[in-house]
Amino acid sequence: MDKTREKKIFYASLFLSGTPLEKKFFRAFFEPVNLENRLLEYAEEFNKLDTGLRIRMVSGGFQLVTESSLVEELRPHFGEKSDALGRASLETAAIIAYKQPVTRLEIDEIRGVNSSGTVKYLLDRNLVKVAGRKDVPGKPLLYVTTKHFLEYFGMNDLSEMPTFREWQELKQGGG
Amino acid sequence: MDKTREKKIFYASLFLSGTPLEKKFFRAFFEPVNLENRLLEYAEEFNKLDTGLRIRMVSGGFQLVTESSLVEELRPHFGEKSDALGRASLETAAIIAYKQPVTRLEIDEIRGVNSSGTVKYLLDRNLVKVAGRKDVPGKPLLYVTTKHFLEYFGMNDLSEMPTFREWQELKQGGG
Amino acid sequence: MSSELLDVSLENFEGPLDLLIHLIYKNELNIYDIPIAIITESFIAAVKRMEQLDIEVASDFINMASYLVYLKSRMLLPRDTFFEEELDPEEEKYLFTQKLVEYSFYKDVSAVLKKREEESSKFLMRADTVFIAKEQADTEDPFLLADSFFDLTTKERKTKMVVEKNIVDFKEVVARLKSLVIRKCRMFWSDIVKSCRSRKEVAVSLLAVLDLLKNKVADASQSENFGEIVIEKTEEKDG
(Lines give C-alpha, C1' and ligand atoms only; values in the text may rest on other atoms or scores of the structure.)
Protein backbone atom coordinates (compact mmCIF):
# COMPACT_ATOMS: atom_id res chain seq x y z
CA MET A 1 0.00 0.00 0.00
CA ASP A 2 1.41 3.40 -0.88
CA LYS A 3 1.87 5.99 1.83
CA THR A 4 -0.83 8.33 0.60
CA ARG A 5 -3.42 5.61 0.81
CA GLU A 6 -2.14 4.41 4.16
CA LYS A 7 -2.33 7.95 5.50
CA LYS A 8 -5.89 8.39 4.30
CA ILE A 9 -6.93 5.13 5.89
CA PHE A 10 -5.27 6.23 9.12
CA TYR A 11 -7.25 9.47 9.19
CA ALA A 12 -10.48 7.79 8.07
CA SER A 13 -10.14 5.12 10.77
CA LEU A 14 -9.63 7.69 13.49
CA PHE A 15 -12.69 9.58 12.28
CA LEU A 16 -14.88 6.48 12.15
CA SER A 17 -13.71 5.21 15.50
CA GLY A 18 -14.25 8.43 17.44
CA THR A 19 -12.35 6.79 20.29
CA PRO A 20 -8.59 6.16 20.52
CA LEU A 21 -7.14 3.48 18.25
CA GLU A 22 -4.06 1.64 19.36
CA LYS A 23 -1.03 1.19 17.16
CA LYS A 24 -1.73 -2.53 17.04
CA PHE A 25 -5.03 -1.82 15.31
CA PHE A 26 -3.09 -0.43 12.35
CA ARG A 27 -0.46 -3.12 12.50
CA ALA A 28 -3.13 -5.56 11.31
CA PHE A 29 -3.42 -3.97 7.89
CA PHE A 30 -0.42 -1.67 7.47
CA GLU A 31 3.20 -2.69 6.94
CA PRO A 32 4.38 -3.09 10.55
CA VAL A 33 8.02 -2.13 10.01
CA ASN A 34 8.59 1.38 11.28
CA LEU A 35 4.85 1.83 11.60
CA GLU A 36 4.85 4.02 14.67
CA ASN A 37 7.12 6.58 13.05
CA ARG A 38 4.91 6.74 10.02
CA LEU A 39 1.79 7.18 12.11
CA LEU A 40 3.42 9.96 14.11
CA GLU A 41 4.43 11.61 10.87
CA TYR A 42 0.87 11.37 9.51
CA ALA A 43 -0.52 12.77 12.74
CA GLU A 44 1.86 15.70 12.62
CA GLU A 45 1.03 16.35 9.00
CA PHE A 46 -2.68 16.29 9.78
CA ASN A 47 -2.29 18.70 12.66
CA LYS A 48 -0.43 21.11 10.40
CA LEU A 49 -3.53 21.37 8.21
CA ASP A 50 -5.04 23.29 11.11
CA THR A 51 -8.62 22.24 10.43
CA GLY A 52 -9.93 22.53 13.97
CA LEU A 53 -9.39 18.78 14.29
CA ARG A 54 -6.28 17.32 15.88
CA ILE A 55 -4.79 13.89 16.21
CA ARG A 56 -3.48 13.40 19.72
CA MET A 57 -1.59 10.61 21.42
CA VAL A 58 -3.56 9.12 24.24
CA SER A 59 -3.36 5.96 26.34
CA GLY A 60 -1.06 4.20 23.93
CA GLY A 61 -2.94 5.15 20.80
CA PHE A 62 -4.14 7.90 18.54
CA GLN A 63 -7.38 9.82 18.75
CA LEU A 64 -8.99 12.40 16.52
CA VAL A 65 -10.33 15.21 18.67
CA THR A 66 -11.43 18.80 18.25
CA GLU A 67 -9.02 21.58 19.01
CA SER A 68 -9.36 22.55 22.64
CA SER A 69 -9.58 26.25 21.73
CA LEU A 70 -12.97 25.56 20.11
CA VAL A 71 -14.49 23.89 23.14
CA GLU A 72 -16.35 26.97 24.28
CA GLU A 73 -18.37 27.20 21.06
CA LEU A 74 -18.82 23.45 20.68
CA ARG A 75 -19.75 22.57 24.23
CA PRO A 76 -23.30 23.91 24.12
CA HIS A 77 -24.00 21.54 21.23
CA PHE A 78 -21.75 18.60 21.90
CA GLY A 79 -20.96 18.81 25.61
CA GLU A 80 -21.05 15.53 27.47
CA LYS A 81 -24.53 15.08 28.85
CA SER A 82 -23.49 13.15 31.92
CA ASP A 83 -22.53 15.21 34.92
CA ALA A 84 -19.03 15.57 36.19
CA LEU A 85 -18.31 12.94 38.77
CA GLY A 86 -19.81 13.69 42.15
CA ARG A 87 -17.72 13.69 45.30
CA ALA A 88 -18.54 10.10 46.22
CA SER A 89 -17.71 8.82 42.73
CA LEU A 90 -14.53 10.84 42.56
CA GLU A 91 -13.39 9.51 45.95
CA THR A 92 -14.11 5.96 44.91
CA ALA A 93 -12.42 6.40 41.56
CA ALA A 94 -9.39 7.92 43.25
CA ILE A 95 -9.09 5.00 45.69
CA ILE A 96 -9.36 2.48 42.87
CA ALA A 97 -6.79 4.41 40.84
CA TYR A 98 -4.23 4.54 43.63
CA LYS A 99 -4.89 1.18 45.27
CA GLN A 100 -5.68 -1.02 42.27
CA PRO A 101 -6.43 -3.86 42.21
CA VAL A 102 -8.71 -3.28 45.16
CA THR A 103 -11.83 -4.89 46.60
CA ARG A 104 -15.02 -3.07 47.49
CA LEU A 105 -14.47 -3.75 51.16
CA GLU A 106 -11.08 -2.08 51.01
CA ILE A 107 -12.68 0.94 49.35
CA ASP A 108 -15.38 1.00 52.01
CA GLU A 109 -12.76 0.97 54.73
CA ILE A 110 -10.92 3.95 53.36
CA ARG A 111 -14.08 5.95 52.68
CA GLY A 112 -15.78 4.87 55.90
CA VAL A 113 -19.02 4.29 54.04
CA ASN A 114 -20.51 1.64 51.79
CA SER A 115 -19.41 2.23 48.21
CA SER A 116 -21.38 -0.38 46.32
CA GLY A 117 -23.54 2.23 44.60
CA THR A 118 -20.67 4.38 43.46
CA VAL A 119 -18.63 1.39 42.28
CA LYS A 120 -21.59 0.32 40.18
CA TYR A 121 -21.90 3.83 38.79
CA LEU A 122 -18.21 3.86 37.85
CA LEU A 123 -18.59 0.47 36.19
CA ASP A 124 -21.54 1.83 34.19
CA ARG A 125 -19.52 4.83 33.10
CA ASN A 126 -16.71 2.50 32.08
CA LEU A 127 -14.22 4.24 34.35
CA VAL A 128 -13.42 1.08 36.31
CA LYS A 129 -13.72 -2.61 35.57
CA VAL A 130 -13.49 -5.96 37.31
CA ALA A 131 -10.14 -7.69 37.01
CA GLY A 132 -10.49 -11.05 38.69
CA ARG A 133 -11.02 -11.99 42.32
CA LYS A 134 -8.84 -11.62 45.38
CA ASP A 135 -7.52 -14.88 46.81
CA VAL A 136 -9.03 -14.44 50.28
CA PRO A 137 -12.11 -15.99 51.87
CA GLY A 138 -15.22 -14.95 49.94
CA LYS A 139 -13.15 -14.34 46.80
CA PRO A 140 -14.20 -10.71 46.49
CA LEU A 141 -14.01 -8.97 43.09
CA LEU A 142 -11.03 -6.80 42.37
CA TYR A 143 -11.46 -3.45 40.67
CA VAL A 144 -9.04 -1.60 38.42
CA THR A 145 -9.31 1.53 36.29
CA THR A 146 -9.99 1.36 32.54
CA LYS A 147 -8.46 2.93 29.46
CA HIS A 148 -11.40 5.29 29.40
CA PHE A 149 -10.44 6.36 32.91
CA LEU A 150 -7.08 7.55 31.58
CA GLU A 151 -8.78 9.34 28.74
CA TYR A 152 -11.31 10.93 31.05
CA PHE A 153 -8.63 12.36 33.28
CA GLY A 154 -6.37 13.27 30.37
CA MET A 155 -3.56 10.87 31.20
CA ASN A 156 -1.43 8.64 29.03
CA ASP A 157 -0.85 6.10 31.74
CA LEU A 158 -1.25 5.65 35.47
CA SER A 159 2.30 6.79 36.18
CA GLU A 160 1.01 10.30 35.52
CA MET A 161 -1.08 10.20 38.69
CA PRO A 162 0.26 12.77 41.15
CA THR A 163 2.32 11.27 43.97
CA PHE A 164 1.68 12.13 47.58
CA ARG A 165 4.72 14.40 47.53
CA GLU A 166 3.56 16.23 44.41
CA TRP A 167 0.13 16.67 45.89
CA GLN A 168 1.57 18.08 49.11
CA GLU A 169 3.77 20.50 47.23
CA LEU A 170 0.82 21.70 45.21
CA LYS A 171 -1.30 22.12 48.33
CA GLN A 172 1.35 24.17 50.05
CA GLY A 173 2.08 26.19 46.97
CA GLY A 174 -1.59 26.98 46.47
CA GLY A 175 -2.47 27.69 50.10
CA MET B 1 -16.03 35.58 14.56
CA ASP B 2 -13.35 35.51 11.89
CA LYS B 3 -13.63 33.10 8.98
CA THR B 4 -10.77 30.85 10.01
CA ARG B 5 -12.37 30.21 13.36
CA GLU B 6 -15.80 29.75 11.81
CA LYS B 7 -14.38 27.23 9.37
CA LYS B 8 -12.70 25.27 12.12
CA ILE B 9 -15.90 25.13 14.14
CA PHE B 10 -17.73 23.96 11.01
CA TYR B 11 -15.29 21.09 10.52
CA ALA B 12 -15.16 20.25 14.22
CA SER B 13 -18.96 20.15 14.46
CA LEU B 14 -19.21 17.83 11.47
CA PHE B 15 -16.59 15.59 13.04
CA LEU B 16 -18.41 15.40 16.36
CA SER B 17 -21.93 14.98 15.00
CA GLY B 18 -23.23 11.52 14.24
CA THR B 19 -25.86 12.90 11.87
CA PRO B 20 -25.77 15.42 9.01
CA LEU B 21 -25.93 18.99 10.26
CA GLU B 22 -28.25 21.43 8.56
CA LYS B 23 -27.48 25.00 7.73
CA LYS B 24 -29.84 26.12 10.47
CA PHE B 25 -27.65 24.38 13.04
CA PHE B 26 -24.84 26.77 12.13
CA ARG B 27 -27.11 29.78 11.80
CA ALA B 28 -27.44 29.75 15.57
CA PHE B 29 -23.83 30.66 16.15
CA PHE B 30 -22.46 31.93 12.83
CA GLU B 31 -23.25 35.19 11.05
CA PRO B 32 -26.34 34.20 9.03
CA VAL B 33 -25.80 36.53 6.05
CA ASN B 34 -24.50 34.54 3.11
CA LEU B 35 -23.90 31.58 5.40
CA GLU B 36 -24.71 28.85 2.90
CA ASN B 37 -22.13 30.10 0.44
CA ARG B 38 -19.46 30.20 3.09
CA LEU B 39 -20.28 26.68 4.26
CA LEU B 40 -20.14 25.37 0.70
CA GLU B 41 -16.80 27.11 0.28
CA TYR B 42 -15.46 25.55 3.49
CA ALA B 43 -16.67 22.13 2.41
CA GLU B 44 -14.98 22.45 -0.95
CA GLU B 45 -11.79 23.61 0.69
CA PHE B 46 -11.84 20.66 3.06
CA ASN B 47 -12.38 18.17 0.26
CA LYS B 48 -9.40 19.62 -1.59
CA LEU B 49 -7.18 18.66 1.36
CA ASP B 50 -7.72 15.09 0.21
CA THR B 51 -7.37 13.53 3.64
CA GLY B 52 -9.53 10.48 3.03
CA LEU B 53 -12.38 12.37 4.67
CA ARG B 54 -14.99 14.25 2.67
CA ILE B 55 -17.80 16.62 3.46
CA ARG B 56 -20.88 15.66 1.48
CA MET B 57 -24.24 17.35 1.11
CA VAL B 58 -26.97 14.98 2.15
CA SER B 59 -30.56 15.18 3.41
CA GLY B 60 -30.38 18.95 3.38
CA GLY B 61 -27.26 19.10 5.51
CA PHE B 62 -23.53 18.59 5.63
CA GLN B 63 -21.97 15.32 6.68
CA LEU B 64 -18.41 14.18 7.18
CA VAL B 65 -17.83 10.77 5.58
CA THR B 66 -14.89 8.70 4.45
CA GLU B 67 -13.89 8.62 0.80
CA SER B 68 -15.70 5.87 -1.11
CA SER B 69 -12.41 4.60 -2.55
CA LEU B 70 -11.34 3.50 0.94
CA VAL B 71 -14.42 1.42 1.64
CA GLU B 72 -12.78 -1.93 1.04
CA GLU B 73 -10.10 -1.43 3.67
CA LEU B 74 -12.37 0.30 6.15
CA ARG B 75 -15.48 -1.80 5.95
CA PRO B 76 -14.10 -4.89 7.71
CA HIS B 77 -13.28 -2.73 10.72
CA PHE B 78 -16.01 -0.13 10.79
CA GLY B 79 -18.75 -1.26 8.46
CA GLU B 80 -21.66 -2.28 10.58
CA LYS B 81 -22.86 -3.06 7.10
CA SER B 82 -26.61 -3.17 7.16
CA ASP B 83 -28.20 -5.51 4.66
CA ALA B 84 -28.95 -4.02 1.30
CA LEU B 85 -32.67 -3.63 0.71
CA GLY B 86 -34.46 -6.33 -1.25
CA ARG B 87 -36.58 -5.53 -4.30
CA ALA B 88 -39.86 -5.56 -2.38
CA SER B 89 -38.47 -3.06 0.11
CA LEU B 90 -37.05 -0.84 -2.61
CA GLU B 91 -40.36 -0.83 -4.48
CA THR B 92 -42.31 -0.02 -1.36
CA ALA B 93 -39.83 2.70 -0.39
CA ALA B 94 -40.10 4.21 -3.87
CA ILE B 95 -43.89 4.27 -3.74
CA ILE B 96 -43.88 5.89 -0.30
CA ALA B 97 -41.35 8.47 -1.50
CA TYR B 98 -43.54 9.57 -4.43
CA LYS B 99 -46.97 9.15 -2.94
CA GLN B 100 -46.42 10.32 0.62
CA PRO B 101 -48.38 10.53 2.78
CA VAL B 102 -49.76 7.18 1.69
CA THR B 103 -51.66 4.33 3.31
CA ARG B 104 -50.66 0.68 3.17
CA LEU B 105 -53.72 -0.15 1.10
CA GLU B 106 -52.71 2.38 -1.52
CA ILE B 107 -49.24 0.84 -1.65
CA ASP B 108 -50.77 -2.64 -1.97
CA GLU B 109 -52.87 -1.48 -4.90
CA ILE B 110 -49.91 -0.12 -6.81
CA ARG B 111 -47.75 -3.16 -6.13
CA GLY B 112 -50.54 -5.68 -6.60
CA VAL B 113 -49.45 -7.54 -3.48
CA ASN B 114 -49.72 -7.17 0.26
CA SER B 115 -46.95 -4.89 1.59
CA SER B 116 -47.47 -5.11 5.33
CA GLY B 117 -44.22 -7.03 5.89
CA THR B 118 -42.09 -4.69 3.83
CA VAL B 119 -43.64 -1.57 5.36
CA LYS B 120 -42.85 -2.92 8.80
CA TYR B 121 -39.30 -3.68 7.69
CA LEU B 122 -38.87 -0.13 6.35
CA LEU B 123 -40.20 1.23 9.64
CA ASP B 124 -37.66 -0.89 11.50
CA ARG B 125 -34.88 0.41 9.29
CA ASN B 126 -36.04 3.97 9.99
CA LEU B 127 -36.47 4.66 6.29
CA VAL B 128 -40.16 5.48 6.63
CA LYS B 129 -42.33 6.60 9.51
CA VAL B 130 -45.96 7.01 10.42
CA ALA B 131 -47.33 10.52 9.99
CA GLY B 132 -50.87 10.46 11.30
CA ARG B 133 -53.98 8.79 9.94
CA LYS B 134 -56.00 9.33 6.79
CA ASP B 135 -59.44 10.78 7.34
CA VAL B 136 -61.36 7.95 5.71
CA PRO B 137 -63.31 5.05 7.25
CA GLY B 138 -61.00 2.87 9.29
CA LYS B 139 -58.57 5.76 9.79
CA PRO B 140 -55.61 3.96 8.21
CA LEU B 141 -52.05 5.02 9.09
CA LEU B 142 -50.22 7.30 6.69
CA TYR B 143 -46.58 6.67 5.84
CA VAL B 144 -43.89 9.15 4.82
CA THR B 145 -40.15 8.86 4.23
CA THR B 146 -37.67 9.94 6.92
CA LYS B 147 -34.57 12.12 6.88
CA HIS B 148 -32.60 8.93 7.18
CA PHE B 149 -34.14 7.81 3.88
CA LEU B 150 -32.34 10.69 2.16
CA GLU B 151 -29.11 9.97 3.98
CA TYR B 152 -29.35 6.26 3.20
CA PHE B 153 -29.74 6.86 -0.50
CA GLY B 154 -27.26 9.74 -0.50
CA MET B 155 -29.78 12.35 -1.58
CA ASN B 156 -30.03 15.94 -0.60
CA ASP B 157 -33.79 15.99 -1.11
CA LEU B 158 -36.50 13.99 -2.84
CA SER B 159 -36.40 16.18 -5.93
CA GLU B 160 -33.27 14.25 -6.91
CA MET B 161 -35.46 11.26 -7.73
CA PRO B 162 -36.50 10.96 -11.40
CA THR B 163 -39.91 12.43 -12.19
CA PHE B 164 -42.58 10.35 -13.86
CA ARG B 165 -42.46 12.63 -16.92
CA GLU B 166 -38.68 12.25 -17.27
CA TRP B 167 -39.05 8.54 -17.00
CA GLN B 168 -41.84 8.42 -19.61
CA GLU B 169 -39.85 10.48 -22.06
CA LEU B 170 -36.88 8.23 -21.57
CA LYS B 171 -39.01 5.12 -22.04
CA GLN B 172 -40.74 6.31 -25.14
CA GLY B 173 -37.58 7.82 -26.56
CA GLY B 174 -35.68 4.63 -25.85
CA GLY B 175 -38.42 2.29 -27.05
CA MET C 1 -41.71 -19.49 -25.68
CA SER C 2 -42.11 -22.03 -22.94
CA SER C 3 -38.33 -22.44 -22.78
CA GLU C 4 -38.05 -18.75 -21.96
CA LEU C 5 -40.21 -19.41 -18.97
CA LEU C 6 -37.79 -21.76 -17.31
CA ASP C 7 -36.49 -18.88 -15.24
CA VAL C 8 -39.97 -18.19 -14.03
CA SER C 9 -40.25 -18.93 -10.41
CA LEU C 10 -42.42 -17.08 -8.02
CA GLU C 11 -39.45 -15.84 -6.03
CA ASN C 12 -38.19 -13.93 -9.04
CA PHE C 13 -41.27 -11.77 -9.12
CA GLU C 14 -42.59 -9.34 -6.60
CA GLY C 15 -46.13 -10.06 -7.73
CA PRO C 16 -48.40 -10.50 -10.74
CA LEU C 17 -47.69 -6.98 -12.02
CA ASP C 18 -44.00 -7.70 -11.96
CA LEU C 19 -44.54 -10.89 -13.94
CA LEU C 20 -46.69 -8.99 -16.44
CA ILE C 21 -43.99 -6.38 -17.01
CA HIS C 22 -41.47 -9.17 -17.46
CA LEU C 23 -43.69 -10.80 -20.10
CA ILE C 24 -44.32 -7.50 -21.88
CA TYR C 25 -40.59 -6.92 -22.28
CA LYS C 26 -39.83 -10.50 -23.09
CA ASN C 27 -42.41 -10.49 -25.89
CA GLU C 28 -41.39 -7.01 -26.97
CA LEU C 29 -44.88 -5.65 -26.52
CA ASN C 30 -45.75 -1.98 -26.24
CA ILE C 31 -46.74 -1.33 -22.68
CA TYR C 32 -48.99 1.55 -23.81
CA ASP C 33 -50.97 -0.69 -26.14
CA ILE C 34 -50.89 -4.21 -24.82
CA PRO C 35 -52.53 -6.92 -26.92
CA ILE C 36 -54.64 -8.34 -24.13
CA ALA C 37 -55.14 -11.72 -25.77
CA ILE C 38 -51.41 -12.37 -26.12
CA ILE C 39 -50.49 -11.18 -22.67
CA THR C 40 -53.29 -13.24 -21.13
CA GLU C 41 -52.00 -16.36 -22.83
CA SER C 42 -48.42 -15.75 -21.74
CA PHE C 43 -49.47 -14.99 -18.20
CA ILE C 44 -51.55 -18.13 -17.86
CA ALA C 45 -48.74 -20.18 -19.38
CA ALA C 46 -46.32 -18.77 -16.85
CA VAL C 47 -48.62 -19.53 -13.95
CA LYS C 48 -49.13 -23.06 -15.25
CA ARG C 49 -45.38 -23.45 -15.52
CA MET C 50 -45.04 -22.47 -11.90
CA GLU C 51 -47.61 -25.06 -10.93
CA GLN C 52 -45.72 -27.66 -12.94
CA LEU C 53 -42.58 -26.75 -11.07
CA ASP C 54 -44.56 -27.38 -7.92
CA ILE C 55 -44.31 -23.81 -6.80
CA GLU C 56 -47.19 -22.67 -4.70
CA VAL C 57 -48.85 -19.95 -6.72
CA ALA C 58 -50.09 -17.10 -4.61
CA SER C 59 -53.69 -16.06 -4.92
CA ASP C 60 -52.55 -12.69 -6.31
CA PHE C 61 -51.40 -14.49 -9.47
CA ILE C 62 -54.59 -16.50 -9.79
CA ASN C 63 -56.65 -13.35 -9.36
CA MET C 64 -54.66 -11.59 -12.03
CA ALA C 65 -55.10 -14.55 -14.41
CA SER C 66 -58.85 -14.51 -13.99
CA TYR C 67 -58.94 -10.74 -14.38
CA LEU C 68 -57.01 -11.02 -17.66
CA VAL C 69 -59.39 -13.67 -18.93
CA TYR C 70 -62.29 -11.41 -18.05
CA LEU C 71 -60.64 -8.45 -19.75
CA LYS C 72 -59.90 -10.50 -22.84
CA SER C 73 -63.50 -11.62 -23.14
CA ARG C 74 -64.68 -8.04 -22.68
CA MET C 75 -62.49 -6.95 -25.54
CA LEU C 76 -63.85 -9.70 -27.80
CA LEU C 77 -67.52 -9.44 -27.04
CA PRO C 78 -69.70 -6.98 -28.89
CA ARG C 79 -70.32 -3.75 -27.09
CA ASP C 80 -74.03 -4.06 -26.42
CA THR C 81 -73.68 -7.25 -24.43
CA PHE C 82 -72.48 -5.32 -21.36
CA PHE C 83 -74.39 -4.34 -18.36
CA GLU C 84 -74.92 -0.65 -17.92
CA GLU C 85 -72.84 -0.27 -14.79
CA GLU C 86 -69.76 -1.82 -16.37
CA LEU C 87 -67.03 0.28 -17.83
CA ASP C 88 -66.43 0.62 -21.50
CA PRO C 89 -63.84 -2.09 -22.42
CA GLU C 90 -61.46 0.49 -23.88
CA GLU C 91 -61.65 2.44 -20.66
CA GLU C 92 -61.11 -0.75 -18.68
CA LYS C 93 -58.01 -1.48 -20.73
CA TYR C 94 -56.82 2.08 -20.32
CA LEU C 95 -57.03 1.79 -16.51
CA PHE C 96 -55.22 -1.53 -16.63
CA THR C 97 -52.50 0.03 -18.78
CA GLN C 98 -52.18 2.94 -16.37
CA LYS C 99 -51.71 0.51 -13.53
CA LEU C 100 -49.01 -1.37 -15.39
CA VAL C 101 -47.22 1.79 -16.47
CA GLU C 102 -47.29 3.12 -12.94
CA TYR C 103 -45.92 -0.12 -11.56
CA SER C 104 -43.29 -0.19 -14.25
CA PHE C 105 -42.22 3.30 -13.19
CA TYR C 106 -41.77 2.23 -9.56
CA LYS C 107 -39.94 -0.86 -10.66
CA ASP C 108 -37.43 1.30 -12.53
CA VAL C 109 -37.17 3.77 -9.66
CA SER C 110 -36.35 0.81 -7.41
CA ALA C 111 -33.39 0.11 -9.66
CA VAL C 112 -32.32 3.75 -9.36
CA LEU C 113 -32.59 3.53 -5.58
CA LYS C 114 -30.63 0.30 -5.61
CA LYS C 115 -27.78 2.04 -7.41
CA ARG C 116 -27.90 4.99 -5.05
CA GLU C 117 -27.90 2.65 -2.08
CA GLU C 118 -24.79 0.98 -3.44
CA GLU C 119 -23.01 4.29 -4.03
CA SER C 120 -24.01 5.79 -0.73
CA SER C 121 -23.03 2.74 1.27
CA LYS C 122 -19.44 3.32 0.23
CA PHE C 123 -19.32 6.50 2.24
CA LEU C 124 -18.75 5.35 5.78
CA MET C 125 -19.75 7.55 8.63
CA ARG C 126 -19.90 7.41 12.36
CA ALA C 127 -23.45 7.09 13.60
CA ASP C 128 -22.71 8.13 17.18
CA THR C 129 -22.09 11.70 18.10
CA VAL C 130 -18.80 12.24 19.93
CA PHE C 131 -19.42 14.24 23.04
CA ILE C 132 -16.72 16.53 24.26
CA ALA C 133 -15.28 14.91 27.32
CA LYS C 134 -14.92 16.86 30.49
CA GLU C 135 -11.17 16.92 30.58
CA GLN C 136 -11.02 19.16 27.57
CA ALA C 137 -12.55 21.86 29.70
CA ASP C 138 -10.03 21.09 32.45
CA THR C 139 -12.77 20.18 34.86
CA GLU C 140 -11.33 16.78 35.64
CA ASP C 141 -7.63 16.40 35.97
CA PRO C 142 -5.54 13.89 37.84
CA PHE C 143 -5.01 16.29 40.71
CA LEU C 144 -8.68 16.00 41.48
CA LEU C 145 -8.01 12.31 42.08
CA ALA C 146 -4.98 13.08 44.19
CA ASP C 147 -7.03 15.54 46.21
CA SER C 148 -9.76 13.03 46.89
CA PHE C 149 -7.43 10.21 47.67
CA PHE C 150 -4.88 11.93 49.85
CA ASP C 151 -7.55 13.95 51.64
CA LEU C 152 -9.17 10.66 52.59
CA THR C 153 -6.04 8.80 53.49
CA THR C 154 -4.42 11.62 55.43
CA LYS C 155 -7.64 12.33 57.32
CA GLU C 156 -7.68 8.68 58.23
CA ARG C 157 -4.17 8.86 59.56
CA LYS C 158 -4.90 11.95 61.66
CA THR C 159 -7.80 10.42 63.52
CA LYS C 160 -5.71 7.39 64.23
CA MET C 161 -2.72 9.33 65.48
CA VAL C 162 -4.83 11.78 67.51
CA VAL C 163 -2.47 14.67 67.70
CA GLU C 164 -5.08 17.12 68.78
CA LYS C 165 -3.31 20.32 68.01
CA ASN C 166 -2.68 19.28 64.46
CA ILE C 167 -6.23 18.41 63.68
CA VAL C 168 -8.01 21.69 64.05
CA ASP C 169 -6.45 25.02 64.68
CA PHE C 170 -8.67 26.85 67.18
CA LYS C 171 -7.61 30.31 66.06
CA GLU C 172 -8.23 29.42 62.47
CA VAL C 173 -11.75 28.20 63.23
CA VAL C 174 -12.55 31.35 65.20
CA ALA C 175 -11.30 33.50 62.34
CA ARG C 176 -13.26 31.53 59.78
CA LEU C 177 -16.52 31.61 61.72
CA LYS C 178 -16.06 35.28 62.53
CA SER C 179 -15.66 36.24 58.90
CA LEU C 180 -18.60 34.02 58.01
CA VAL C 181 -20.93 35.57 60.54
CA ILE C 182 -19.89 39.07 59.52
CA ARG C 183 -20.46 38.30 55.87
CA LYS C 184 -23.68 36.35 56.22
CA CYS C 185 -25.07 38.17 59.31
CA ARG C 186 -26.79 34.99 60.41
CA MET C 187 -26.12 31.28 60.31
CA PHE C 188 -27.33 28.04 61.81
CA TRP C 189 -25.37 25.88 64.16
CA SER C 190 -26.46 22.82 62.22
CA ASP C 191 -24.80 24.23 59.09
CA ILE C 192 -21.57 24.73 60.97
CA VAL C 193 -21.73 21.14 62.18
CA LYS C 194 -22.30 19.92 58.62
CA SER C 195 -19.20 21.72 57.42
CA CYS C 196 -17.05 19.96 60.05
CA ARG C 197 -15.01 16.99 58.97
CA SER C 198 -14.62 15.44 62.41
CA ARG C 199 -16.12 15.45 65.89
CA LYS C 200 -13.03 17.26 67.07
CA GLU C 201 -13.75 20.02 64.64
CA VAL C 202 -17.33 20.23 65.92
CA ALA C 203 -16.01 20.61 69.44
CA VAL C 204 -13.55 23.27 68.40
CA SER C 205 -16.27 25.06 66.43
CA LEU C 206 -18.47 25.14 69.51
CA LEU C 207 -15.63 26.69 71.49
CA ALA C 208 -15.10 29.15 68.67
CA VAL C 209 -18.76 30.18 68.69
CA LEU C 210 -18.61 30.66 72.45
CA ASP C 211 -15.54 32.79 71.91
CA LEU C 212 -17.45 34.92 69.38
CA LEU C 213 -20.27 35.37 71.90
CA LYS C 214 -17.85 36.29 74.63
CA ASN C 215 -16.24 38.91 72.44
CA LYS C 216 -19.66 40.21 71.41
CA VAL C 217 -19.02 39.53 67.74
CA ALA C 218 -22.17 37.44 67.60
CA ASP C 219 -25.33 36.59 69.52
CA ALA C 220 -26.83 33.16 69.73
CA SER C 221 -30.44 32.23 70.30
CA GLN C 222 -32.49 29.08 70.48
CA SER C 223 -36.28 29.34 70.23
CA GLU C 224 -37.00 25.97 71.86
CA ASN C 225 -35.20 23.12 73.60
CA PHE C 226 -33.14 21.09 71.11
CA GLY C 227 -34.25 23.57 68.42
CA GLU C 228 -32.06 25.21 65.88
CA ILE C 229 -29.45 27.56 67.31
CA VAL C 230 -29.16 30.77 65.33
CA ILE C 231 -25.91 32.67 65.44
CA GLU C 232 -26.29 36.28 64.40
CA LYS C 233 -23.91 39.12 63.94
CA THR C 234 -24.15 41.53 66.87
CA GLU C 235 -25.91 44.69 65.84
CA GLU C 236 -23.61 47.65 66.06
CA LYS C 237 -25.59 49.86 68.46
CA ASP C 238 -22.91 52.01 69.83
CA GLY C 239 -19.84 51.25 67.77
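Read from first to last, the chains carry the letters A, B and C; within each, the first residue is number 1.
One rule holds for everything that comes next: a contact is a pair of C-beta atoms (placed from the backbone, for glycine too) under 8 Å apart; a residue touches a chain by one contact, two chains touch by 3 or more.
For clarity, every value in this text was computed on a predicted model and none was experimentally measured.
Colleague: Centre-to-centre on C-alpha atoms, which chain is most distant from chain B?
Modeller: Farthest chain from chain B, going by C-alpha centroids: A.
Colleague: Could you name the chain whose CA centroid falls nearest to the centroid of all protein CA atoms?
Modeller: C
Colleague: At what distance in angstrom does the C-alpha mean of chain B lie from that of chain A?
Modeller: The mean C-alpha positions of chain A and chain B differ by 35 Å.
Colleague: Hey, how far is the Cα centre of chain A from the one of chain C, in Å?
Modeller: Chain centroid spacing, chain A to chain C, equals 27 Å.
Colleague: Would you kindly tell me how far, in whole Å, the mean C-alpha position of chain C lies from that of chain B?
Modeller: One centre to the other, that is 17 Å.
Colleague: Touching two or more other chains, which residues of chain C qualify?
Modeller: If we look for residues of chain C contacting two or more partner chains, we find 124-126, 128-132.
Colleague: Would you give the residues of chain A that are in contact with at least 2 other chains, written as numbers and ranges?
Modeller: If we look for residues of chain A contacting two or more partner chains, we find 12, 15-17, 66, 74, 78.
Colleague: Under the stated contact criterion, what part of chain B meets chain A in this complex?
Modeller: For this pair, the touching residues of chain B are 5, 7-13, 15-17, 25, 29, 46, 49-53, 64, 66-67, 70, 73-74, 77-78.
Colleague: So in the complex, the part of chain C that touches chain A is made up of which residues?
Modeller: 124-126, 128-137, 139-150, 152-153, 156
Colleague: Under the stated contact criterion, what part of chain B meets chain C in this complex?
Modeller: Listed in rising order, the residues of chain B that touch chain C are 15-19, 54, 56, 63-68, 70-71, 74-75, 78-81, 84-85, 87-88, 90-91, 93-95, 97-98, 110-113, 151-155, 161-162, 164, 167-168, 171, 175.
Colleague: Hey, which residues of chain C end up touching chain B in the complex?
Modeller: So the residues of chain C touching chain B come out as 14-18, 30-31, 58, 60, 64, 99, 102-103, 105-114, 116-132.
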